[in-house]
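What follows is a group of structures, each given as structure tokens.
Shared between the two complexes below is subunit A, which has subunit B as its partner in the first and subunit C in the second.
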Partner chain A sequence: MTGARMADETTMSAADRRAHNNGLIRAAIYAAVGLLAVFVGLFRVPADQLTAYKVVFEESVIQLPDLSLPVGGTYMVAGVVGLIVAGLQFTSPSSVSWRRLMSVVLFVLAFAVLTGILGGKTPSLVGLMSATVSFALPIVFAGLAAILAERSGVMNIGIEGIILLGAAATSIGGSLLGNPLAGIAIGVISGLLLGLLLAVLAIRYHVDQVIAGTVLNLAAAGITTFMYTRILQVKPDLNQPGLVGATPIPFLSEIPMIGPALFNGSFYLYAGYILIVIMQLAIYRTRWGLRLRAVGENPKAAATIGIDVLRIRYRALAMSGAVAGFAGSYLVVVSTGSFQIGMSAGIGFIGIAAMIFGGWNPVGVAGAALVFGFARSAESRLGTVGVDVPTVFLSILPYVVTIIVVAGLVGRVRGPSSVGQPYEQS
Partner chain B sequence: MRLRLNGITKQFPGVLANDHVSIEVDRGEILALLGENGAGKTTLMNILSGLYRPDEGEIVVDEKPHAFRDPAEAIASGIGMVHQHFMLVPIFDVTDSVTLGSEVTRGPIGALDRPAARARIVELSETYGLDVDPDAMIEDLPVGVRQRVEILKALYRHSDILVLDEPSAVLTPQETEELFVIIRGLAKAGTAIIFISHKLNEVIEIADRITVLRLGRVVGTVTPAETSQSALAEMMVGRQVQLTVDRKDVTRGEVVLAVKGLQVRDDRGEIAVKHVELEVHAGEIVGVAGVQGNGQTEFVEALTGLRAVDAGTITISGTEIHQDPRYIADLGVAHIPEDRLRDGLIRGFTVAENYVLDAYHREPYSSGIRLHRDAVAAAATQAVSDFDIRTPSIMTDVGSLSGGNQQKVIVAREFGRDVKLVVGSQPTRGLDVGSIEYIHRRIVEQRDAGVAILIVSTELDEVLALADRIAVMYDGEIVGILPAAEATRERVGLLMGGVR
Partner chain C sequence: MRRLPIGPATILWTIVAIAFAVQFALEGAYIALGVEILVGLVVLVLSTRPQGRTFLGRLKLPVLAIISAFIVGGVVLIFSDLEFYAAFPGDPLGTLAASLGRVGSAYGALIVGALGDPGKIVAALGSGNANKIGIAFRPISETLLATTPLILAGLAVAVAFRSGIFNIGAEGQLKIGAVFAVWVGIWVPLPGPLHILAALAAGVIGGAAWGFIPGILKAKTGAHEVITTIMLNAIAQQIMLTLLLSPILQPEGGTTPISRTVMDSAQLPVLLDLPKIRVHFGLIIALLAAVWTSWLMFRTTKGFEFRAAGLNPRAAGYAGMRAGRTIVLAMIVSGGLAGLAGASEVLGTTHYLSPTISPGYGWDAIALALLGGTRPSGVVIAALLFGALRAGGPSMALATGVPIDLLAFISALVIMFVAAPRLVREIYRVRLSATAPSTPQVVETPL
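For the complex of A and B:
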């Protein structure tokens, strides 16, 4: 450290000193982790151990050799990256963008550990990516549903419950009408109605939004369990809505590594792309989006210039519910082909986490959902490859990642200012 | 006549806020609406802007009666409001804030045409000399500029009836002068202007006609030429008002409050108070003037133990204090907070309970785990009569009292201790003239009895009326300390704007 910087330190305030010290602590942690990774790579891994990642499916038109990575080398690369980041952090302890640095370290470390766990095996990287996208997709819809509600200033904790009820409605509706597409429509409509129900509770009756959403979640779990055991198990033909198959896009779906994941899915995948783009444009580039954001930030200001705050909020909640219902229908007609108890499995909550991680922004939500989807797909893939890690640890992985990301990486992001506060129209 | 309000009546539960109010204003005219807090000015303006609907009466624009169902209809009739609390979205830029609600769009789905909107704002800003950057974020703008953004919002909507609600409340005297230039320019261009204020000198300076409201009724309409400040005050309050405070000469004693190198951060972690040095002696009133939001709130919170000190020291009678409000109160510090219902009283508690908030844990109010309700009631009854608190009973919810009586409950409690130092932040904010006189008299009594007093206020008149020495706070710093004799409005005003 230079003399000038030392002089600075004496005049630094308590908060600056705290930030400075935290930066130094982070640098020390990165350095320790980096050294550990290098040590593991050099001494704890058999020198010739390889992990051969498959980058194409066997049935693909284009065939490529496996991507063979030496386990020890991967650890050492991760270790060196950790040390470089530690050095960056140390030279300017309080001024670097530490969240970005931490993501880099976490990513290379996670990849190295994965390669290590899989040492000597031939896991399918392309399969991992496909699974990542299919797990991420419902989280994307849940996250977009959360954005629609919160941008208008209403918290939608009930997304989880709407997904579950939407899934049940899709299954029963699709079975009765004999067509999965009709089932999807019914799932979306029931989601929309549930969104409106939440809106009436929160906007008209000023019920605390966290409580209203929680009640909806509990009710959804109870109602669907009851329906499943009393109706669907008795009459299984009510739980056979049929499946929606994949529609590969010619050529694009043949790209090695990413093609099968990104361009060979059901219409939900393409609907997801379109929805992300449309919402991104609509929120930031249209009159509707401007008013939506204004209502979520300062409803009084919007009202004084003649914007109908309550109408915008009702509509946003209806749309939020519809998108959540769409997510529920995906679980039924793409993933399992029938309704199962508790099949929402926390997707609604992880969607809310993705909204926060993604900064209340549709494209950000997509990125966040991929992180969560990767954790979930790693869990299921590692289970099938048969590694020596207890399955309990594998199955908690997605939730641990969620906690680390939300608590550690996100920190204090600023959401819409008026979220959670009822607006009283005079 | 461009605009006429005929017999507007609005009843709220328990209050007749407007009682057959009639006012009128023509093109190119500046009408001042003068009244105390609670006289019904804001209610009237909310009716005019379509936020409230009157129970009786009509709004006549260009000789056609209107009944506004929502703000959009009022705006369509040419009425533009500049609210006292700005109606802007902090994270929007100026262009989005101004156009919100009347956006310039292209195509069927309402895609925003920002270049066109921006061009229009630049044009308006130049035409009326508003000097606003269309790309600046609202949260980065000083209040004076935010106010001009509000005016832009009205002009952008082709409003030619402009209503300004207490526009000078957040401005320095010099900024107020700049605002007046803009207002006169708009009037000359044919805009009808309604200027709402409770400041006598301002309405005399700016208005063509002055309509005075009291307790929801129009008391009269006068021109500046035929009236004076004291005559207006009498109309506004309904009796003779003393505009100055009587005070004895007192020799100042030893230093009670000593602040050295104080640095404090605000809620966002930004430095709000920078290296403040200040001493307050026994028997003197030091007034801290400054435009709202220049660190006064954080300064007072640090002094009273509500906020952590980042650097520097605060000493009261030789004892250095830390973030411990009860300890500080027990040292003999009385605190009159700027927000009564947030930091001064507990809404939902009775007058008696609020009166003993500082001492409920001690004899005679409690022993062990028992609270002695009789002792509390006896003390509160005494305080109610000593401080002339108008309340139905000591068991009344403090939230249902008028602002003036709430403030008296606080003053009764805080002055009920053995006081060495009074820290008063906006001690008369939102009060009627009678209550203001009362609170000022109590504060001066304390000074005459040898107590050290620090008054922080954004009302320059209040500081000038009370203080023996005036410190001016700007951007977190004390930019100057003047003895009362040298503190003219102009000198203090320049300091408030950061000009040393």
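For the complex of A and C:
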């Protein structure tokens, strides 16, 4: 049934009507932005301006010429895509796949604007993509950690702190044991323990979940900085866990444009793929997943049919913490090679944003993380090619998108119903 | 099993306290000794008091929470000492004693750094030398200086908590308030007191606007304020950094993210014109704000509506109060108070804006609101304590080499203990009244 037909029915509920209206508003916004992009492409850009993207690295086996895109044309294509999406959205305003459509519009527009800003330069598209994936990866892990907690009905604001402590534990553990892999294990285990701590505070001691998470963030920032100054600065050899190198997949990693980004990474990248698939299947296709969702939606009903609500929540938070600790270890053994003060840099919060934008769904989180990762890598690229534009709009994009989505200003997402409420087992 | 009358933690605390007392007496650190005896007496009295709505009954949980946080902090201090591990196998008892001694000197330095040395104060007052008096009173001045923004930010969070709203965005509201205030301070030429008032008002407006956003979103769309305020904190930080690197705030030819200095006419005057004394009129403003908040919350119809919405929004709705309006108003008041904290910092303390304008005041504010039982008077007392921590920290770091971030960890632990009455009850085997500061009874709207 299309939304247009639904609108005629008098039985439509208030929520449906709101979703319908939101869809129409979205369609109007896309159409307006699309028209604007076409207009800019036609009249505001010098006709002969080109942006030449490098699509392969210099050391790649397959060499391809630069991809020269006319700036005006790119704007026009983006505008047309925007108009098409607007049309799709208009024909079915209440469509549940609105997030996908919104991502498409955001992405093509961001790309067009980027092409326009870089007009006359030769930026590396393949580098941009690689950077996108490596920025997105920790966001994916943080987002998956957030999903695990929230699906069980516990809000995990403390992911940021677990990432930070996981990073510190990875660095110290890896240095002590002389092996980055051992360090990763330590990081994951410490994340797991912190997840359990959060669970004990929230479930056993009824600390408000928001406060428990905030405490974890503050304590993590305090204790890691304290340890860094007191121990790691005095004994720098405790902060050298070593790096985990890249393991390219033969042939696939040589595909121009996407190969280096998607198939030439550390094992974290492949672990990320596997984790996304496993979690998607586990949450929607297994008994455990059904129970998890039941506990998150309506713990009382779940308990009535014999599900141990608290045990599910403890386990989910332990797993959530472990995944967050894994994200922290990534920052150390892939990105920098050592622990730095405040190195989580808001990834935990962007992970929560990705969870919401991705609709509490692992594949959705991956998509959201790519959009946010793209914004971040575009931001850092713009600095390196010497373009002087305020990149603040890119850096606040994840946060603004999240506010818009949470507020349901342009679409509707709904998380598990029981998030935030303690459950008293009788 | 029969329950012990006192918990294991209380016994441990008593032993440690006696050990510290001996050490302080040997070192001649008499203020530290005095403070410790005072704290000990308070705990002793508290543990014998029956629960209830009395003043002491209300103190029980916060005091025990603070003590527990410092004990855990001390344990961390001992086990983060690499020399401890080296010396321990040879002489376990001696090493442990020495480590406890170091914890004692660190906390002792903290107290002296926050309150000053009475001997010096008396000597300085006797000499009548302005310079000496300034130096002697400097620790107290620094404590009150740090207390100022803490009172305002703590009030902001407390008002929101009382109204059933989790405003964890005080940090962002404070920064936006600081940006607004510093802009008026730099660019709007006005005569003396008028300029100060205008800049303070700008800070309030900035913070209120930043509080209005989550308020209106929650009221109109049910967007969870925790998520929106987290995101708005990050956005505020980015906006502030961008403006600090743009000609709007940055001096010509500047390269660092530090703003121009506000005009002299916009600077809050210092309370006492003595050398080294920095505490300014912001403290008076903060105390007036506490009185105003107390009046608003407990003496006006609006305040009654705020509190009713915090206790039971549905009942408030049935009683004919408009929930949406209450939420928005409470967030405007809350954001405005946080913005005032930012304004007082840039106009009184620093006179310019830099990224370090708030070393986590917005986060400490959560601890203050909980410690103070979301009462303005409680917030002021708790802010004094946290202000002392902030002011004493550098002295502790300087005297004993203990990184100041230990205090950030301890503050986080204070929040944890005060938010977990059940935990404190189990550790100390004390009865805690149900009137202990509780988090608001928000009927959580799903995200």
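Details
What we mean here is this: the second predicted complex is superposed on the first by the 325 of 426 C-alpha atoms of A that agree within 3 Å, B and C clash if a C-alpha of one lies under 4 Å from a C-alpha of the other, contacts with A are read in each partner's own complex, and residues count from 1 in each chain.
Heads up, the rule we're going with is that a contact is a pair of C-beta atoms (placed from the backbone, for glycine too) under 8 Å apart; a residue touches a chain by one contact, two chains touch by 3 or more.
Since this is a predicted model, take the numbers as computed values, not measurements.
Shared-chain residue A:49: touches no atom of subunit B or subunit C.
Look at A:285: by the touch rule set out above, it reaches subunit B but stays clear of subunit C. Once the two complexes are overlaid on the shared chain, A:293 sits against subunit B while remaining clear of subunit C.
In the superposition on chain A, contact of A:380 is made with neither subunit B nor subunit C.
The wider contact with subunit A, measured as residues touched, comes from C rather than the other of subunit B and subunit C. Contacts of A:179 after superposition on the shared chain: neither subunit B nor subunit C is touched. Applying the stated contact rule after C-alpha superposition, one finds that A:335 touches neither subunit B nor subunit C. On subunit A, the patch touched by subunit B and the patch touched by subunit C overlap at residues 417. Only residues 76, 80-82, 166, 168, 213, 217, 220-224, 226-228, 230-232, 234-235, 238-239, 241-242, 246, 360, 363, 366, 370, 402-403, 405-413, 415-416, 419-420, 422-423, 439, 444, 446-447 of subunit C touch subunit A when the two sit together in their complex. Contacts from subunit A toward subunit B in the complex involve residues 13-15, 282, 285-288, 290-291, 293-294, 297-298, 300-308, 417, 426.
Taken together, the subunit B residues at the contact with subunit A in this complex read 46, 49-52, 70-75, 81, 83, 86-92, 96, 99-103, 105, 109-112, 153, 157, 263, 265, 269, 271, 310-311.
The touching residues of subunit A, when paired with subunit C in their complex, are 150, 155, 157, 201, 204-208, 210-212, 214-216, 218-219, 221-223, 225-227, 229-231, 234-235, 346, 349, 352-353, 356, 390, 392, 395-396, 399-400, 402-403, 406-409, 413-417, 419-421.
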